[in-house]
Each structure stands twice: as structure tokens, then as C-alpha cells.
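You will see two complexes here that share chain A, one where it goes with chain B and one where it goes with chain C.
Presenting the complex of A and B:
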């Protein structure tokens, strides 16, 4: 085995799943040919269910084709069909035990389902396939030589990066930082946190900013603010395990008692408190969310959300999505039931109280809605959107003074964030001039604070 | 005898007068030439052309003025004037450049014999190419030395060999440039025997080996591909890509030639299908006269490089006159008006492009863009639907349909289209960011947030 193919394959993996390979040409002809080709074309066009069906057929027709099996396994993993992915990866690995792409993919899959030690073992196997002198340099060469080595051998860079993620997710931040230093991913004396904050201020590309904050967490253990920011971003994105670890670390490192208190509260109201979510449940939830939101694949999403709930019954987010789906399908009673189940699973979930309050408001069950929305803003005082929803419910019940107080507080808060809500301002102006009218006040929900935007 | 001296004096005076008059004319011509050069530098092409016309009128024997006039006229699509000027220049100062210009111009006007005769004169002497190679080598050496100084061994092992290699490559490229141009002219004109004879005389032919495979061949990929088409038709599938590239460069005739060859002679069904697709949707549906093709290219250069919209429109009009069934200049006029935000006018020309060739993919796409900008959503949807029928994997069309759907309030379908666009083309940043802001990042591709990238 030479390094050439290893590097090529690692590069290919780094770009995307093999099934998602694309060319930049604006105009291309429609691919034709085998089921496998059609599967890949369907995948490219975002028709994932159809793609997986075709990949299954292709793999069944060629049970000894490592490529067909790998494509099927990759698509199954992408779709959250983890048992299928595992079985097909194993069949492929039995046919081609030294296939570097396959080893990388099985390592990645092991991370996906939380089998971290197995993933590390696969990465070691991958390393062992590199030429001896490269391995030797990778393990023993001084730090200042490592950037050049990783640049010349992108597959090594991949190994280091995924190991960093594994160690971090395992909670071994100290070892992750040590690894990052030894491969010069981070260097001492650099102000990564400052750079990340500058990127954030300048409105740099989202991913670029995120990458900078990740470096800050690895390179500056005392940069509590940046670690905290990174944790909140991860929480929004649904990486609740890593998010939790970062929030805990940021809270531990901050010298401010106020920040420690708000860190503990964030953990409780946004990340389920002491309820840990298994990696597999987290991934099922993330995939289900995308299947629902991006693909409109309700059946597939429902099945994965249910599987996530089964694996982690106290994880509130999948219940909330089950409620959203039910509401979208017009079944508000079922939606209410899902939200109530979510509250039983996690009574302090800010998002669940918020969603429940809003749904009850839509059902004109205002007193119950008020109770949940009051709880919402009690759990997170800076929730301007929640406060406007509460104001609307108060108005609907004729509690005009309370309405004005809540609405004005929200408008003032949003003005500080340069997020004006002119429709609310106009309503308040008319209210001040003419008194209450027949229509209910608007309740926009601007996304302004990272960590509290979406689930 | 006595009157001999006064007569000599008179003759001398007359000679001096004639000389002075001549010098006066030269001075004015030189001034006009300089004014033309200044105007060219400032991008005032029409003004420059006038100055060069003046210069050649004042000094018709000046090869320099004729060459300058030819170049200006060619740039502005005044091909007849350019050809005459180059011919006049070649009669007076027969430099390699002059012959090359004349050959190129004749080719662009479809005058194959004149083009080939002129290009033969443009091969240039060996020393001219060697001097160029030497100059490039020296420049490379000068750039390399400071980087590796003071390591003498690196100067010896890195700088010297690389400079020599690059210098040699430039020498070879320069030497084969005009012959390769002549080769292309011959192939395009269907003179294959003559082309093979030229290739043989230049030492381009290989007993063994694959013309389509990368090698140390002394000619460009285009020439190698054309050789493969003639000599190894069963191993010439690199022509499919070459055809697309030629189409992108505006060389509709040669593009059609090579793609027709692949659609008929390729042994690979995929390549055949690819060639047929490109022929159908990316190239004119008939053989375009050379003059029309060249005028379209000239117009495009004026439009895109020089930002000379008025001049470009004039040249496109000439291209249309040369071949009213050629849809490209109509489409380019549409694009030009779009760049000026005159979408209503653009729509007229794009519609004309599609009237003469309903399969013109880019015109169809542009029609969608212009219609959408004018708020004519139904027409835009119809245009994009036709684009996606022609090319279902056109990411930009999916993206534009997505934005349009969002604009008219069809949220779910719009988001779905944007998602398809991003799947097809991950570099569509605006669409990806929008979707991420709506749904969070698509975490399906990898198990950790960092490994997604």
C-alpha cells in the first residue's frame, strides 16, 4: 500500500461521502447506466429515499462488489438506518479488509454510534497502512515538522482531526488539547479566542467562525468565553453531547460567579441538566431533523425520532419535533400530547415550555398558555420572542397593563440587539393612543442569541 | 558651365524641400500613431482607429502604422479593413508578428488559403524562439535565486534545472505555436491530408502511444486531440471534453466538428451521449460561417474584457447579418442588456435567440433570469423548467427556481429546490447559508461537527 491512494481517498472522504461527489460544471448531462449510477444521481439530486432504494438493489445484485456495498452502507448511514449500515459495512469489510476508504468509513460510523474505542482502533489500522517512514515521522518527528507532514499526507490530517473530536466527545479535553499541540493544530502563545471573536464581529463565514472557536477551545484552556460560545453554538446545532461538555468546561473555567450561575442554568434549561444523551440517540435526532426539514420525509423522520426517544427517553428535543410534525399535519391534540410527554421527560426544558405555550395560545387556551410562557421567560429572561408571545396571550385575556409591560421590555431588549420589531412598535403606539383594539398584537420571533435560536 | 552651379543649387533646394516635406509627413504620421497608441491605452478604441487611419493615410508605406491599424480594426470587428492593413503591413515589414496577424485575420474571415500561406511565413526563425526561451529561463533563474540563496547546492540542483526546463518548454511552445494554428485551420477546413503532412514535417506524429493520454508531447492538448481524431479515432474520447472547452471559447465550428466525430465514432456509450448532449444544447444546430463565429467572439471580447458595450453591439449585429440563424450573438446581446440592468431589452434578444435555436440552453437560462428580474414569474418558471428538462442537474437553475418559489410564497417547494441545488453544487454559498440558517447545518454527512467540512 502506498501513500498515494491513501491520500487520494482521504481527500475524497474529506470532500464528502463518495455518493455526494459533484463537479462544478454548470451544465451536465443526466447520468445514466447502472442502479449504482442512478443511486448516486438520485442522491446528488437530494432524492435520498429513492437513492437508498437503488443502492440496496445494486448491492443485492452485486453482493461481492465492495463499491456497491460501500455506497449502500454510506447512504444508509446518511439516512440514519444504522443497523443496515453496520451490517453492510461488515460485509464490505469482510470482502476488503485492507481497503483504506472502508476502514475510514467504519471508523467514522463507529464515532457516529458512540463506539469511540472501536473508532480509535480503526484509525490505528488506517495509520498502519501508511509507509513505515511516514508512520515513524507521524509518531516521532518533532512538532515543528508535523504541519508539513500533515500537509503532504492529508489522510494523516484526517486521522488527527477525528481523534481530536473523539477525545473531546469522550470528555478527555486535556488529552485532546495535548494531541492538538503535538501536531501543531494549535500553538502556544496564539490568541485564538481573540481571532474567533474578531471573525464573529466581522461577520465572517459561519463555518470559519466556528472553526476558529474550536481552535480556541483546544489552544486556550482558560478562554472561558470562547469555550462557552462554542458550546452554545453546538447546542443550537443539536450536537448536544459536545455542547454540554463545552458549556460545562466554560462554566468551570469562568471566574465570574454570575457566569457560573448562568452556565448551570443553561445546562439545566437547554441541555437537559444531568440527563445525558447517548451519541446514537443524538445522531438519530440530528438526522431525523434534516430528513423532516430538508427532505420533507415525514415517515422516515418520525421513525428516527421515535428510535431516538426509545434510546434516550429523557431527551426532550425529539418529542418537540414529534409535536411539530403532528401540528404540521393538523393534529393539534397529538401535538399537545407530545409536548406534555416532553415536559414529563424534562420538566425544565425551556424550549418545550415555549412550544407548548405557543401551541396553547394558537388553541386560544390562554390561561394555560400564559402559565407556560411565564415559565419560559422565567427560565430564560432574555427570550424576547417568548416575551412577545406572552404579551400576546396577556392581551388576549384583557391583561393590558401586563401586556404593555412585557411587550415594552421585549422591544427595548431587541432594540439593544439592533433587531427592531416595527410591527410591535406600531401596535404599541396605537395601543397607547387608542387603547385596546379588536385584533391581537403581533408576536414575531427574531433569532438573535446564539445558543437559543433553534433545536 | 556657368549655369551648372545655379542648376545644381536649384536641384539641391528642390531635394531639400522634398526631404523636408517628407519629414513633415512622417512627423504627422508619427504623431497620429502616438495619439492612436494613447487612445488605445485609454480604451478609446474608435478614436484610436481614427488616428491609425490618419497615420496610414499620411504614411501608407509605414508597416508599423498599418499593423497598428490592422489590430485596432480587428478589435472592433472591422475585418475587411484589418485584413487590408495587415496585407499592407506584410508587404512592407515582413515580421513574424505581421504574418501571424494576417494569418489569424484571414482564418477568422474564412479565407483558408490566405491564412495558411501567411501562417507558414509566421513560423519564425529558430533564433527568435531560442531568444524567447533564453529570456524566460533567465527571468525564472532571477526569481528562483533569492528564494534559495545562500544555499549553493539548491541553486545548482533546483534553480538551474528548473529554469532550464522552463526556458526549453517556452522555446518549444513558441516554435510550434504558428504551425499548430495552421494545423487547426487545416482540420477545420477538412484538409486532413495536408494537416497530417504538416504534423509529420513538424515531428508531432508518434508510432506508438496515445495522443489523448498526457505525455511529453510537444504540442497542446487541442492539437493532440485533433491528431487523435484523425489518426486514432478509437482512442480519441478526450475530444468530448475538448469539444466542450472549444464551445466555451466560442469556437462553435471546431467544437461541432470534434463532437460530431465523437457522437458518431466513439466506442463508449457515455461519451457518445455526452457528445450528443453538448452538440444539442451547447452548440449551434447548424454549421456557422466562420465570419459569424469570429464576429461573435470579437463582440464577446469587447463586451467582457473591454466593457465596450456599444462597440460590442455593433459587432454582434454584424455577426447576426453574417448568419441570422446563429443564436449566440442574440444571446450575447441579451446578456449585455442584462449587465446594463435593461432586462426588458434583454428579453427581446433572448427570445430571438430561442426563436432561432430553441435548444440554446444558456439563452433559456438567461431568459429565466431576466424574466424573474422583471417580475414575470410565470415566464421565469417556464424558462427554468425548460432548462431543467435539458439539464436536470443544473444547480444554478434549481437555485434560481428555489429563490423564485420563496419569493412567491411557496416556502416548502422553494426550500426543497435550494436543497437540491446545494446537493448538486456545494459551493453555492448563499443557498447553503440560507438553508443552514433555516434548518441548522446538515449534520448527516459526518458524525462530528468538525468532520462535516
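Presenting the complex of A and C:
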């Protein structure tokens, strides 16, 4: 599933919770309603763990309340508690088999965990709930009639969007584009890529810009630059599966030999090369990362990262986050061990070499740090922060000429990005003037590769 | 040598200010909104006396921080002595034009009247203790620890007599000079590079090095803050020559004193944060990485805040030193042995002091609950405004 629908689902969850809260307000005398209120409030306030706890209590207190069950399942899904979500969705579906919202949610959930056939079956059920003439029109009416039909029947739009996601994620971009055209999601002759690039330049809302590039990908098969952009955006967000597919497609379509080389390198150093990541593992990683970074929920995050690693042992990102957590807790030995496992899983992971090099540098294990930081900048030459870290390690070992070379390269690169590093310039100036001093050079990490910073 | 100690003595006061946001409940320098408030006066004579190291506390004692490079290739190197075109640094003296210095308190640091380091036998390998003695570490540590104790001790009258007595007792025990010196020596030992050590010892035995050590030791003594403040005030009318400033900048560079000072500040902030976090409710405790982040923030701010203090301190400390003598110091510090010594000393000093501060703070908040420190802190925050 793409980020757009995922966010829509999150929004849907929030909306469902609002609806549930209103309904619950009408049932305030019941303990379940009260807990649903509090769950909703906690969710809206960003206290997700607490919200899930309350939703569980509400659902347990009212086991036949479809609303309470739906809220609980939605929150469990949101928190990466997929087995719980599945079980509760099923309980709710058993109580209300023809609930349109519930069917849509279960279809979305199935896509989230990569169970595409199950999702398609749910979409068939959803479609079957519509009147016969609507179904007939949806399936057979000419394209020019479809926009009106989708507008009058929003659930049909949902069906199309989920199918687009499924087809795209399965790598059948040609059929996804065919589907998008047949339902007038995209039209021939439109310059979606130009519009998307304009939005990007004008600093439009991220979500809006993203949707524009998604449309470009669907509507303009030869728009290599936009497809590339879309792939990188997905990579930044952590959607490595779809990100990989888009980068591959962009790389295939670009006429530039340099871009092709760059695309191949990008796949190798950032997206695990040919290592496939199961959808469920990817989603667990994404949610674990949120639980850690957003919620500070270390126990929950660790459990989900470990499950992701179990499902996808060659996926380097969760190992890196396990290392980050270990380091955060002050256990550098454990952090080193996790990074070494990450390297075994993916020896070409730029992020892993970078993290390992910096950690070894902190531990003053400079020769090892140098090895990994050299590999870091070899894998990704534009990593100015990594280059500055390398420069520092070189200086610490008395390799002053190499230090100066790397530091100057980083400073020059950053100047082009309008990300000056005055402290490094100052250090270099003194170094040039007076020779080496006893203090180590600063190694700031300018955030010019923002998306990459969250790998 | 250990001019860093002398300077850090002067920096500790500022450290308390910059680290206050992280430890607001412990210190008296934060207002109700959590804002740090700075005095606009130079350091005042101490109102309190720190517990004397190695002595028992007196309960009623009034205790007293790819494109081509833009950096031009330099035309001068370390070996090039003359550097007349150097711009004055950003010290308060820069707006004053009088070329000749009239140095106040000149007599105060006359090296001839200072006590030189204890003579060291020159036969056989130099022991670590000998090196540290030659470098004046032992003596200078006294001033540093006194200053740390002073800043950890609440002002008179803010704590109950019983709490005050407890605090004095803990400060005297945990900041014992010999204990911290021992920890520093232990941290220095694994870093020893024998040839560099001997080269450093040989330098420290030279007359000019002994003179420098004596000056640094004098500047680290309790009460030097006021002298530096007075001296700085005198510089407003009589700014130092550009060449002098250039030499001091070079010295600061080659010794890595800047980094050492900042590392010390960070170590103290780390120690304080760790101790306070350990006694906080579980939900308020900081993870190690959060403590590190705080220490890094304090370090960055200290770097900025203390630059001027450092320059003034060096001007004061070496005021009786001739430029050529200072240049000798710079030259030695720029050698492999000099870099080794300064790097090893930095690690040892930062490690030992950080541990001592953490231990001290841990015991302080264990013996006197943090709430009582917070209560004691409140009135003073208004006073500082």
C-alpha cells in the first residue's frame, strides 16, 4: 500500500474513533462508552499506548459492540499489534458481516500485512454490497462515466485506490496504470509530472506533493524523473518495497547513463539491493520506528523490531534501530553487536557502515572506525556528514593530509548546499595556519539528507 | 601543561549557569519559567569558603560548556615565528586602541616570587607521579576542586544547618584532592607513551616550563577569579598587542585547551544530570542518550559563552611571560610529544573530574532530597535577576 492510502487509513481510524466517540457519548451510562471516550481522547492527544489500553478495556466490557471492537482493532493495527487487530476485526466482522466501513478496514489491513488475495476478496465483498446497477456500471461503464460514479459512491473510489496499491506493490505497474486510466484516476495528455514538480518547487503540502507524484507515476510512464522522486520519497518514509520498485522503474526509464548508475547504486546502498523485504516485516519496522521515535515506547518498539528481523533477517534497518536503542540505553557493546549483525545481513548498507563508524569513533577505535567511514563515503559520496566523521577519525590518527582532503571536500560540498559548517572552516583555517593541534576537529552532521537520516 | 585547569577553575562558575536548565531543580540560577539568568557583574569575591580538601569539614563553617575549498593555503606555518598581521580576537578589548599595556596586578603573578615545582630527580625513567608533579597537576587540582565544591554548595542560610553540615561533609569527602588526583593518575596511566612522556618531562624541567607551571599554578589558586576580573577591566583601556593575542590563540590551538575546557564542562553537566536523574521518579528519569544530549548542549553553549573568559584567563596567567617564552611553549605543544601529553591529560582530567562530580552529586541528592535543594534554589533565582 502506498503512503497516501496508509495515511487515509490513519485518518479513517481517527474519523472512526470520532464517530465512535459521538456514539459513545450517547451511551455514556455504559462503562464501555466512557472508556471509548477516553480512548478517543488519548488517541487524539497522541497517547497511543494508553488509547489502545482503554480501547481494549472498552471492547472487553462490550464484546458485542461492533463499534468498540472496530476501535480496538484499528488502534491495535495502528500500533503494529497485527495479530490482535486481525482477531478483533474478525470478531467484529462476525457480528456485522455487511458493515461497509468494517469491510474496507479489513481490506486495508490485509494490504498492510501483504495479504493481497484476502484484500481482493474483501473488496469483492464490498462491491457486492452495492446495488446491481452500480456494480454493473462500475465494471462495464465507459471511462467517461466513472468519475461521476466514484463521486456518488465513495466506497467505489476506495476499491479502486486499494486495487491500485495492490497492483503497484505486486510490481504490476502496467496493469495499475491501465486500471487508473479506466477509472479516470489519470487521463492521457495531462502533465502530472510537471504539476508535481511545480508543487514541489512551490513548497506545497507534503501530502499534496506526494499525491501529485503518485499520479505522475501512474499517468506518465515515461516520466523517469518523477518516478525517481516518488521512489526516493517512499524510501525516506520507510516504504522500502514500493520505494525499490519505483526506483527500479525510474532507473529503467531514465535515458541518462549517469542516472542509471546512480539508481543502481541507490538500490544497493540504501534499499538492500535485491534483498526482498516481506510487507509485514516492512510495516512492523515502520510502526516500531514510530513507537520508538514518536512515543518513546522502547519495549513495544523492541518487540516489533525483533518480529521484523525474524520475518526478514536480511533487512538491515531494524538492526540499526536496535543498535540505536541499545546506545540510547548506554549499552555500547550491544549497539556494536547489533550493527555487526546488520552488516552480516547487508554488507552494502550505507547506513550500517555509517552508524558503525561513528560508534567506533566514539569508542576511540579509530582504525576500525576509519574502515567503516571510508566505506560509508565510498558507498554514498554525497554524505558530507559521514565525510566529516571520517575526517575527524583521520585527524585522531595523525593522518593530517587525509584529514584536510576529506574535510575540505565536505566543506565545499556543504557550501553548495547552503549548509555552511563554520566550525569546520574555522578549524581548517587554524590547521592551515598553525599545523595540527591537540584538539580533535568538529564533525557536525548537517541534515541535508533528511530522509536518509531516518533509515 | 595544565593551564586548562587554571582556566577551568574560572569556567566552573559559568558552567553552573549554562548547565542550569538541565538541572534547574538543583541550582539557584533559574527563574520560575526555567530561564537562566546571568549576573551582569564580574565574578564577586567569594562569599563562602569551600571545604578544604583533605581536611575534615567544620559543620558551622561559613563555606566559604565539491567544490574547491574556500580555505586559503596559509603562508605561515608553525615554524614561522612572526605573524604581525593577525586580527585581534573578539574580546572586549578590541574596541580600545591604546597600544601599550599597563597591566594591573602585575606583581601578583611574578614568577620569581611563585613557588617553583618540586625539583625532580633526572635519573631513570620518569614516573607518572613525577610528570604530573612537574606539570603542576597536583597543585592545580586543588583550585579546581575548590571551585567545584563552591559551586555545588548552596549559599549560606538557604539550607537548614543540618543539611548544610551534611553537604559540607559530603563535599569534603567526595572531592578530596588525593582521591581525585589518584583517579586522574589512574586514567592517565593506560595512555602513557614512554618516549613522549620522557620528552614531555624533559621540557617540563626546563626553566621556562617551570616558570609557566608556576604561573599556571598561581592562576589556579582560589581567589584568582577576582584578579582576572580586575585585570580584564584594566585591559579595556590597555588592550594587548595583536602579536600577544596571536600567540595565545596559537597556544590555545596547539594545546587543545578549548576542547578540554568544553569537555570538562560537559563532564560536569553529565555527572550532575546522571545523579539528579537517578533519584527522580521513574517516569522522569533520563536515558543515557538523553543525558549525553544534554551534556552536548551544555558543551556547545559553554564553548560559545566561555571564549572570552578563556582569552582573559590566558592573558592574565601569562602576563609576565615574554613572547619568546610563550612561543617556546607553543612550539613544544605542537610537537608529537606535546600533542600526546595534552590529549592524554584531557582524557584523564575529564574522566576523573566527571566521575568525582557524579559521585559527589549522587551522594548529595541521596543525603539531601532533591526537593530541599529545589526549595533552597527558589529565593536565590530572584536575587540573581
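The criterion applied here is as follows: the second predicted complex is superposed on the first by the 417 of 455 C-alpha atoms of A that agree within 3 Å, B and C clash if a C-alpha of one lies under 4 Å from a C-alpha of the other, contacts with A are read in each partner's own complex, and residues count from 1 in each chain.
The rule is simple: a residue touches a chain if its C-beta (ideal position, glycine included) is under 8 Å from a C-beta of that chain, and two chains touch if they have at least 3 such contacts.
In this text the structure is predicted, and so the values were computed from the model without any measurement.
By residue count, which of the two partners contacts chain A more extensively, chain B or chain C?
Counting contacted residues of chain A, the larger count belongs to B.
Does the superposition put A:153 against chain B (first), chain C (second), both, or neither?
neither
Touching A:327, do we find chain B (first), chain C (second), both, or neither?
After superposing on A, A:327 lies in contact with chain C but is clear of chain B.
Counting only touches as set out at the top, which of chain B and chain C does A:351 meet: first, second, both, neither?
Neither partner.
For A:169, is the partner it touches chain B (first), chain C (second), both, or none of the two (neither)?
A:169: touches chain B, not chain C.
Just checking: does A:108 make contact with chain B only, chain C only, both, or neither of them? Give me first, second, both or neither.
After superposing on A, A:108 lies in contact with chain B but is clear of chain C.
In the superposed arrangement, which partner chain does A:425 touch: chain B (first), chain C (second), both, or neither?
So A:425 only meets chain C here.
Name the residues of chain A shared by its contacts with chain B and its contacts with chain C.
None.
Where on chain B does chain A make contact in their complex?
Where chain B meets chain A, its residues are 270, 273-274, 277-278, 281-282, 361, 391-396, 412, 415-416, 419-420, 423-427, 429, 433, 435-436, 438-451, 453.
Taking the touch rule as given, give the residues of chain C at its contact with chain A in the complex, in rising order.
66-74, 76-78, 249-250, 253-260, 287-290, 333-334, 338-339, 342-343, 346
For chain A, which residues are in contact with chain C within the complex?
Answer in residue numbers: 327-330, 408-409, 411-413, 415-416, 425, 428-430, 432-440.
Residues of chain A touching chain B in their complex?
14, 16-17, 20, 22, 24, 26-33, 41, 43-46, 78-80, 108-109, 111-112, 161-162, 164-166, 169, 205-207, 210-211, 214, 234, 236-239, 242, 279, 283, 286-287, 289-290, 293-296, 454
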